[in-house]
Amino acid sequence: MDFSSLNPAEQAHMTKIIEKKQMQDFMRMYSNIVERCFTSCCNDFTSKTLSSKEEGCVSNCTDKWLKHSERVGARFAEQNAEAMNAASK
Amino acid sequence: MDFSSLNPAEQAHMTKIIEKKQMQDFMRMYSNIVERCFTSCCNDFTSKTLSSKEEGCVSNCTDKWLKHSERVGARFAEQNAEAMNAASK
Amino acid sequence: MDFSSLNPAEQAHMTKIIEKKQMQDFMRMYSNIVERCFTSCCNDFTSKTLSSKEEGCVSNCTDKWLKHSERVGARFAEQNAEAMNAASK
Amino acid sequence: MSLFGGRSPQPTGSINPERVEMALQELDMITDVFNKLVSSCHAKCINTRYAEGDLNKGESVCIDRCVSKFFEVNKKVGEKLQALGAGAAASPGGGSSFGSF
Amino acid sequence: MSLFGGRSPQPTGSINPERVEMALQELDMITDVFNKLVSSCHAKCINTRYAEGDLNKGESVCIDRCVSKFFEVNKKVGEKLQALGAGAAASPGGGSSFGSF
Amino acid sequence: MSLFGGRSPQPTGSINPERVEMALQELDMITDVFNKLVSSCHAKCINTRYAEGDLNKGESVCIDRCVSKFFEVNKKVGEKLQALGAGAAASPGGGSSFGSF
């Protein structure tokens, strides 16, 4: 992606909007992790509190999700840079 | 959730926006029920009209979905009130 | 759907908004096809490039998805016209 | 789907934001339903091995029946919601009502 | 969920778009979480054969526990994100914090 | 993903809503694709028993290949859509084109 065709005023405006979006994206990521880790880790509803096994699962699931997203993000940026280079040749 | 930090003018504005959102939420719930009940109840495509068995299933599915949402909503409100109380202590 | 209750100025405004939405809908369709065809066609991660079998699958999957959407759209329009006729009787 | 009818009950005039917004909400709702219809019938009718790019006869017939049944389910659910009074706030102007678009 | 408290810490006044937008973001987030809660607990607790329209005893009890566990997971994930510093930008005003709404 | 290039082909000036909106649409599209990439590769590569919090070697390698294949699929589908003329209205300014971001 390349926003260099925007003038400085437009770029400043975009930056402000992007900051707002980042907050929303963060909240969406948060609720996605909750939904996915709940679905994967909680399968016993004979109790209303998390078992220690479920707690551990949720903790690992959250960690893994964050590390996964981070790694995908790094590869995404690389592939993206490559594609832009190829396009500008 | 607590909107008491908003002033009356802001609260009135929020109320108007919330009313609009409720209409959208209702329509989304409607289409979600259609999608889910269709997926669960319709598995025979040798005919283009609903069998009486499928009709019954869709009817039960709709009822159950509404009752489910209602019960989840009631528990959500309770848990939420509890969490707010705990937070304000 | 029937927007005839809008006046010409409103209809012109709607048309402009609809054009913008069509671009967004197209981009969403694009990313949906990518996601679905990737999920259906790519199951071997011992390599980082598509096999010719996977390529063929992605190609067929894209074609089929477009033809499917088109056919659903045609039937949707017919059913819709029927429902509007029935309602106006 | 003919978006604009021939009649124009109001004279040419200024834009009423309320009415435009209602029309947009209706459009969003229809888009939402259509997308759900497409993905539901894909799940029911399309073989995901993708051995060929054309719809075969069985898939085509299945799609037609699938759309038809989906509309029936849409109508039935709409009637039920209306009967339950959940539809109190619903049915925005423009001839729209539960079970039809 | 009591949306409006009884206190009004600011005098009646003009609308601050920033504050209204933050409140709206919070509302959208809660709606998002609630929708995920409904569909998650439906998947865990509801028999999809739909032989009857009422929740049976087992389903009702399951829903109650499901909501309770979902809140615990929400709290745990929130604490973890906060501990990881990912929550730096988070916790908008209005008494909202991770793990509660 | 470098959002802002070094060049500024237009002089500093007023905001053109059309251009800003197009840039925002592009941003939304990329966010949408990225989210789909994350969840697709999670489904393909991550063991959901969650016995540990770290990515193991197999998962890490799988993620790298998964992202690579996803990009190839993205490119292939984009080329196909363009060939079918469905892309007539597409490819907004800013050097964006099918198959790249």
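Chains: A, B, C, D, E and F, in written order; residue numbering restarts at 1 for each.
Please note the rule applied: a residue touches a chain if its C-beta (ideal position, glycine included) is under 8 Å from a C-beta of that chain, and two chains touch if they have at least 3 such contacts.
Note that this is a predicted model, so its numbers are computed, not measured.
If you take subunit A and subunit B together, the chains in touch with both are E. When the contact pairs of A-F are matched by residue number across A-E, B-D or B-E, over half of them reappear in B-E.
Contact count check for A-E and C-D (C-beta pairs in contact): higher for C-D. Averaging Cα atoms per chain gives one point for each, and the point farthest from that of subunit B is the centre of F. Of all chains, the one whose mean C-alpha position sits at the greatest distance from that of subunit C is E. Centre-to-centre spacing of subunit D and subunit F amounts to 30 Å, using the average Cα coordinate of each chain. The mean-CA centres of subunit B and subunit F are about 32 angstrom from one another, to the nearest whole unit.
Centre-to-centre separation of subunit C and subunit F, using mean CA positions: 19 Å. Residues of subunit A in contact with two or more other chains: 37, 41, 59, 62-63. Shown for subunit E are the residues in touch with two or more other chains, namely 45, 64, 68.
One full turn of the ring, starting with subunit B and passing subunit E second, gives B, E, A, F, C, D. Taken in their complex, subunit D has these residues touching subunit C: 1-16, 19-20, 23-24, 26-27, 30-31, 34, 37-38, 41-42, 45-46, 48-55, 59-60, 63-64, 67-68, 71, 93-97, 99-101.
By the touch criterion stated above, subunit F contacts subunit C in their complex at residues 21, 25, 28-29, 32-33, 36, 40, 43-45, 61-62, 64-66, 68-70, 72-74, 76-78, 80-81, 84, 86, 89-90, 92, 98. The touching residues of subunit B, counted against subunit E in their complex, run 1-11, 13-14, 17-18, 21, 25, 37, 40-41, 56-57, 59-65, 67-69, 71-73, 75-77, 79-81, 83-84, 86-88. The touching residues of subunit B, when paired with subunit D in their complex, are 20, 22-24, 26-28, 30-31, 33-35, 37-39, 41-43, 45-50, 54-55, 58-59, 62-63, 66.
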